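The first chain written gets the first letter, and so on, giving A, B, C, D and E; residue counts start at 1 in each chain.
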Amino acid sequence: MSEQILKDLHLFYPEITLTITFCAAIITDLIFRRTSIVVSSVVMIGLVITGILVLGQSGVQASIFDNMIAVDPFAYFFKMLIIITAILIVVFSLGSSELNSAGRKLGEYYSLLVALTLGMVLMAGASNLLMMYLALELSSIASYILSGYTREAPDSSEASLKYVIYGALSSGLMLYGISIIYGLTGSLDIYAINQVLAQGNYNTIALLIAGVLAMAGFGYKISAVPFHFWTPDVYEGAPITITAFLSVASKAGGFAMMIRFFKVTFIDSNAVSVPVGVWASLKGFEWYHLVAVIAVLTMTFGNLVAIWQNNLKRLLAYSSIAHAGYMLTGLVVLSNEGLAAIMLYFVVYLFMNLGAFYIVMLIANQTGSEDIEDYKGLGPRAPFITVALAIFLVSLTGLPPTAGFIGKLYLFAALLNHGWIWLAVIGALNSVISLYYYVRIFRNMYLRPSEQQQVTPLNFTMLQKVTVLVMLVPTILLGLYFGPLVQLAQASVKIFGTP
Amino acid sequence: MQLMGIGVLTWLTFLPVLGMVLVLLIPKDQKDAIRWSSLIVTLIQLLLSIGIFMKFDRGMAGINSEAGMQFVEKATWIDIKSIAWFGRIHIDYFVGIDGLSVTMVILTALISAVAILSAWNIEKSVKGYFALFLLLDAGMMGVFVSLDFFLFYIFWEVMLLPMYFLIGIWGGARREYAAIKFFLYTLFGSVLMLLAMIALYFSVNVYIDANGVIYSVTEAMKHGLDGLEKMYTFNMLAMMDPGNYVPGSLLAGAHTSMRYLAYVALFIGFAIKIPCFPFHTWLPDAHVEAPTAISVILAGVLLKMGTYGLLRISFPIFPDAMVHYSWMLALLGVISMVYGALVAMAQTDFKKLIAYSSISHMGVVTLGMASMNTQGITGAVFQMFNHGTITAMLFLIVGVIYDRAHTRGLNEFGGLMNQMPKYSGIMVVAFFAALGLPGLSGFISEAFALLGSFQTFRVLTMIAAVTIVITAGYMLWTLQRVFLGQLPEKWKGLTDMNTREAIMLWPLALIVIFLGIYPSPILDMMNTSLNALAGILDQARHATTMMGMN
Amino acid sequence: MNSFFSAFFAWLPNVQLAHFLIVSAVLFSLGLYGIMTRRNAILVLMGVELVLNAANINFIAFSRYGGANLDGQAAAVFVIILAAAEAAVALAIVLNIYHRFQTVNVDEISNLKE
Amino acid sequence: MSQELLLNLSIVILVLPLVGFTLMIFFGKRLPRQGDWLETSIIATALILAVTVLYQKMMLYPHETLALNFTWVDFHDVPGIGPMKIVLGFGIDNLAAIMLVVVTLISTLVHFFSIGYMQGDIRYSRYFAYLGIFSFSMLMIVLADNLFMLYVGWELVGLSSYLLIGHWYEKQSASNAAMKAFIVNRVGDIGFFIGIMILFANFHTFNLQEIFEAIHSGRIPFNSESWLTAAGILIFCGAIGKSAQFPLHVWLPDAMEGPTPVSALIHAATMVAAGVYLVARTFPMMTADALMLIAYIGAITAFISATIAIAQNDIKKVLAYSTISQLGYMVMGLGVGAYTAGFFHLVTHAMFKAGLFLGSGSVIHGMHHALHHQHDHHTDPQDIRNMGGLKSKMPVTYWTFLIYTLAISGVPLTSGFMSKDSILAGTLAFGSLTGQYLIPIIGFFVAGLTAFYMFRLVILTFYGEHKDAHRAEHLHESPKIMTVPLMILAALSFFIFYSSNPLDAANGWISKALERPESVVPASVAAASTEVFEEEHHHAHNTAMMLSLLVAGIGIAIAFAMYHWKKISADKIAETFSGPHKFLLNKWGFDDLYMGVVVNGTLAMTNMWKWFDNTIIDGAVNGAGSITKVTSFVSGKFDSIVIDGLVNLSAYLSGFSGLVLRKFQTGKVQTYIVFVVFSVMAFYFAFRLL
Amino acid sequence: MQLFDIVFYVFAFITLFSAFVVVFSRNIIYSAFSLLFTFFGVAGLYALLQADFLAVTQILIYVGGILVLLLFGVMLTNKVISVDIKTGTLQTIPAMIIVAVVAGSLSGLFYSTWKEVPTPASTVLKTTTRSIGEMLMTTYLLPFEIASVILLVALIGAAMISRREGKV
């Protein structure tokens, strides 16, 4: 037993590193109370090391700690995604005046950021329902605290209160669902559960309610309609760095966990005569219909409501809801192709969404506003930054030659290839709707003059510009040359325990 | 034809991108440098296109045969090895032209150069204007040279954003509205097109060998399947070969409802660009608000992309659906013609009038190609070219007067003939060309289009012929309101055309006149290809008749 | 219908798995009701605790009746731990809210909305 | 001369005016005398060449058709049809050769006349340039051996007519008239074009000879004789427009807004005759039904316009209606089958009607000068009621004018007598062959009317005393450059140039040259064959001559009685029959009718469509928006959003539903939870039930 | 009715009735103290289910920890003058309907699914503490460690949030 644990440990180095980083950050914070730069450096180093360690797991297919955590290409992919996001968020945080002028030290902020990252990384690999719940709670609790980090801002406190109540309820629902699944199968291990279910003697109705309740938990994490209600309020209230982090990494973790859950648990693993790369849904519980409905609701709702937003953070919150909807469609098709499309979309989404949030933050740093009205006449004042924002927004809309287009292309391709024409049409029409509110932003930036009397150019440091470039270059490059990206996504659909 | 190891079509397409970079590097306040470098870029483009005109082999058909394409360039762009559950992905950078696209390439180069000239007096953020303009230019050129659907789609979409900004920033009073309307409309169409494209992708397969050479299914059977790998493709030419369709796939077969659906999706995408009757309302707004140069581009080139797309993609790929729906195309064409003309007559805004006349004239194109025979399609393609030059002239003409008078109200003018004789002379040419006067190019294309369509749709064409009168009516009425009669006191100070304006207008006028008398230089270029295209449709029609459908 | 009720009443005294589950279901529903209706944030949190307890009853009941595997009990242990952690954080947040808004009525804290 | 040379010569004739036009339009203003000499000498050269061509043609190749073809567009191997070329070309047969001379001759004379008449005009050189483009396009019609070039020329003469009518475009009426002329002509052209389309769709050629051969070999359009008839009638529609036949005759009187020499050239002698020429060209393919319709259209036109002419007071308007009437005659002549007669009348009419217009031009010129001297800008120099007694002031004008009038009235020894008589004989023959006697009746009645109103014109203009003695002092004869053309035309109005026998043109060279071509249509739908018709025609000749002399005499007599000797009071008659008089004065109300129904109708329709476009299609949203705007919760925000860009109904709907969906986001977390739990249960039940 | 059944009903009644009071009482203090009985009742149910370790844990953590925490919360967020601290309710009717549906369908589901489950042989004499302890050290080692991280996060977070502001 203990040898096994020791053997498993070395596949757990990234998480351990994160834990150590977390502790180190706390301790450093206690030592260097006056400045947070040391903590942030420690965190940065820890994250980078974690990233490197994750890289070492490329291609591994294993399940560790008694099937608690799977280390497989699928988890590897999402872990990388989360770590990269975390690194970028640390960089963002360094330059956020919202955080730095909050009159609070940021030691705890950074350490909690690591804890949050750890939660998400665990979500990516969790292969036991209890572990999933724990990982979800770890990331949730860290996010409750972080979204209320700027306590001075009433909005921030409110966001965190709503988040905690909503989150507790959602995880409670999920937990209740898990308990029913446990009752049905006598196990918490998803592989074992699948073994039981595959024999076919289960109560479909009980399974259905368990599935729906579990979906409430996952839906909450990926902010899918109708479990999304916390999203706009929290995104608006939370510090923008956290919003950005939640919108990408949290979603990635949630997606990873959900996909693993559905794909391992609710798949008829004994099904015969399915083509390679296509799965069969569990008989009697065609959950992909549920996912399809949720996907449609999510993208439509996100886009329609986003039209009316004036706060950019809130607008981006709705846009991120809509994007979750697009991504969910990839799960509906029940195939590796759809999965690869989701993952590909995530990479693209990472760059474009973080880019957009970062620029919103940079602009808010200087103008103090996230209101769309205050973006009037911004174009000439900050040409580079606004052009970059425009490109991110174009990418979010899904227009070529940006990466966003490739993401949508693969999703729609997966849908059409598996006959989900109506879903593809809805998705496509949704991207037309989304154009409208994205365009409002660059309309204000370029088409309308500033209402202020004095128009001064905004200045950005070289580091900020470089950071923007770090996200901008992939956004364009991946749109024009997406071969490696596709290969990566295709290679990462391997989930441990599935064919 | 290669320059510095790079094919001429690539030069044509990406030269404006280089130009854009160049423009972006020039400091903001050196406005003349920006203008001149943009102009030089487009002039080089024009020279290249003249070179193409010279070297173009009139005897090669193209359309659905790669061997018949000219100036072909093909390079691997995306290549992803196959895996267990997903086949090879291979997308080529594949450009080439045939008789169908060569006219459009030339037109694009020509109109771009002219439009740059007409934008000379833009003063508001010159740099941004020319940079976006050049990007737009690249996008347009790319659409016309692409032979790979994926590439085509990318270029198609690339133009949207520059267009949005060009209208939105430099446009008239309601520019925002017009710009977003244009954007939304076009995007709506293009997402449908995207879905059709994907559906096509998964329905068509070809074989590829180790060197990246593509074999159609038939060729592969001949060659033997050793060392060949099956894969889906975006290659338009492969999509045109019925033998390449995967049996049982979404779009396999002929006259299936899925094929009809895909055709309609593509059609809507293109019809919005044309713009065809129910999808046309973006056009008047966009035209009225756009700055002159953009109106010129819009009318001169952009609208052609819709009809070009139909001819290049919808017709050869879906000949069965085309045969099935040709009546609809013809009907929409006729409605556009009559309706556009009637609405044009009611306009008091000079630009809006011409915008609606564009709808009417593009209806001719639609009707012509709906005929599915050589004369009709020739007329249609030639009309695309002619409408490009003529309407460009008309918009330039409006631009000239607007620059001076700052109004476009038709009823505010009068008697300009005496005040601006040179201007009036060119305007008379343009107007009579637009109303289809023989001896000017517009007549020939309209005549061929109608002659062709009459063979297929007798009654519709007769109805369409009514526009001959309506067009004459509103064109002459406009001419009368603006040029004839007494000169109002307030316009006594208007100056005649200056040299720059003459330089941009006269070449177009000369082309219009020359092609009106002797259209063969252009017609010869496209003839072989259009015969091939008509042949494809003809075959489909016969097949349909045999099946007892239609 | 009558036969259903008679079977049900005959079944009632014979306590077994479903009895516990039904208690859990009612507790769960009461918890939900508390979360939905109480204005006071702390009472809302109490509702959350009820929900978690309900889930725990399920776990343990299933553990007892489902072939005596202790996974359910282990899970319940973790749920209790997490409930404590969550309660701590939630209360801290509520206190913070109280300092800021001088109220803990959840419905009054609704500045963030459409 | 070889055929090639002849053809090349004719092409030179064709191109010369175009060269003139190009030179004039670009350099005209800078040339000495604004280049009138250039254009005039060019056209005179063309005339000399044309006469040469005619002479040589008659001498050397009296029965051949010389043709020069070239491939204009090559469609190569057209799917479903095979190799297809569009071959255009020139053809010279006797018809064309004669027309060539007529056109160049009158054009030359008009050029000379214009040098005097247009002296000092602000757009003098432009005027000559336009004359050049007109001559070019008219010659193109004449020389074309295919429908395509014919149509091209057809439209181009329309253009030049537009430009010349609108020459004094500062006058609203002039520019209106120009527009009207062009548009009304285009209405006819639609028919012409559809006719061409029918033929091309079936025969894939524009060449008339080839089309005839194809029909002759039994291939008829869409295998239906009615389509053949339709094709004929539709092509004739072109003629209806161009030759101002009923019901499209309304443009020609208005076209008198152009300078008078232009009226002479275009709206009397040549362009308006193009319609007749077209019918003559396509005569072989006309079925009996088509010819019948043509005959009736001609007759009706002749009648209506002759009656209108009676009541007109404007010298040019009278001539205009007379022109329409005479064109109706020609068309009627062709329609009844009197091919030779119809075309012969075209030639003779060209001479005397051009003369009449130039004569009237001379009168107006004189009047204008006199009025100018008086500084009188109100009196209309064209109103015959202001004239009178010009006989002594302008003798040359008077005498030539009288000769033309005699010719048009059909008095023996004049050319008009011969041609008119021949047509009337044709109508009689037609009547006896088909039983349609209405046509000869109209024919003779109109002959009488013509004599009457023409002499009314002469009497009111030249006889009696001038209305204003003071003005009379300033009236002078026009200069030589104007009177010489008048004399030439007067000379050409005598029989001798056409036939040695003043009573019968049948043996004249022109009739010999213009033999009626044989019909190519299937016998079942063909009109009476040439042989049969000629037989009847010959029989009717003498009767026709007698009758026509009689009616002409009566007409002239009544005219003198009413206006010269004042035995009958014209005013009294007008009063007695005030209704009909007004009706005539109103030109049968055609203008009002068209204005009211067609023009206003179209404008109303266009406005309706514009409204439709702005309101229904585009504003589906903006309109729907205004209803919703009222509702409270949309409030003012909606407006700005709509204006901001909800483009259509769907956009509106999506915006609206977004607005509704927003309402879920209440900000109260417990409400959210209600929604969540509700959704969970909803999903659960939905999936249970499915 | 055996003793087991009677005891079950007693505990079930205590649990549900007190939970009912928790949810419906307008007095916060009443609610808080009722919660105490709920937790006890649940602990009793655990005991009936032979989960002795959990029954004890339930009382220790819930009653000793969470409930006290909640009571502190109540006290800190109200100006305590008497035990009569009222609080309002909202959206009771929709909540009532939904909750009734939830309770009904869940109960029905449980009843129909697990109506007749044979009671396994009793293991009364053997305590579960040891087994659970072993599981926490073997199978559930990882969750155990993660739980500790979660507690640490909660600790730091709670401390950070409730710390007086302004003090760095």
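General observations
As a convention for this text, a contact is a pair of C-beta atoms (placed from the backbone, for glycine too) under 8 Å apart; a residue touches a chain by one contact, two chains touch by 3 or more.
These figures come from a predicted structure and were not determined experimentally.
Chains that touch both subunit A and subunit D: B, C, E. When you average the Cα atoms of each chain and compare centres, the chain farthest from subunit E turns out to be D. Among the pairs C-D and A-E, the greater number of C-beta contacts is found at A-E. Separation between the centroids of subunit A and subunit B, computed from CA atoms only, is 42 Å. Between subunit C and subunit E the centroid-to-centroid distance comes to 7 Å (mean Cα coordinates, whole Å). Measuring from the averaged C-alpha position of subunit B to that of subunit C gives a distance of 65 Å.
Between the Cα centres of subunit B and subunit E there is a gap of 71 Å.
Taken residue by residue, subunit E touches two or more other chains at 90-91, 94-95, 98-99, 102, 105-106, 113-114, 139-140, 143, 147, 150, 153-154, 157-158, 161, whereas all remaining positions touch fewer.
Annotation for subunit C: residues touching 2 or more other chains are 21, 28, 31-32, 35-37, 41, 44-45, 56, 61, 67, 71, 74, 78, 82, 85-86, 89, 93-94, 96, 106-107, 110-114. Shared interface positions of subunit B, defined as residues touching 2 or more other chains, are 176, 180, 184. Pairs of chains meeting the touch criterion are A-B, A-C, A-D, A-E, B-D, C-D, C-E, D-E. Subunit D meets subunit B in the complex at residues 25, 72-81, 84, 148, 151-156, 159, 162, 166, 169-170, 172, 175-176, 178-179, 182-183, 186-187, 189-190, 193-194, 196-198, 200-201, 602-603, 605-607, 609-610, 613, 617-618, 643-645, 647-648, 651. The part of subunit B that touches subunit A in the complex is made up of residues 77-81, 83-86, 89, 125, 153-154, 157-158, 160-161, 164-165, 168-169, 175-176, 179-180, 183-184, 187-188, 191-192, 194-195, 198-199, 201-202, 250, 261.
Only residues 32, 35-37, 44, 106-107, 110-114 of subunit C touch subunit D when the two sit together in their complex.
The residues of subunit A lying in touch with subunit C in their complex are 130, 133-134, 137, 141, 144-145, 148, 151, 154-155, 157-162, 164-165, 168-169, 172-173, 175-176, 178-180, 182-183, 186-188, 232-234, 236-237, 305, 308. Contacts from subunit A toward subunit B in the complex involve residues 275-278, 335-337, 340, 380, 390, 394, 397, 399-401, 405, 409, 412-413, 416-417, 419, 421, 424-425, 428-429, 431-432, 435-436, 439, 442-443, 446-448, 481-483, 486-487, 490-491.
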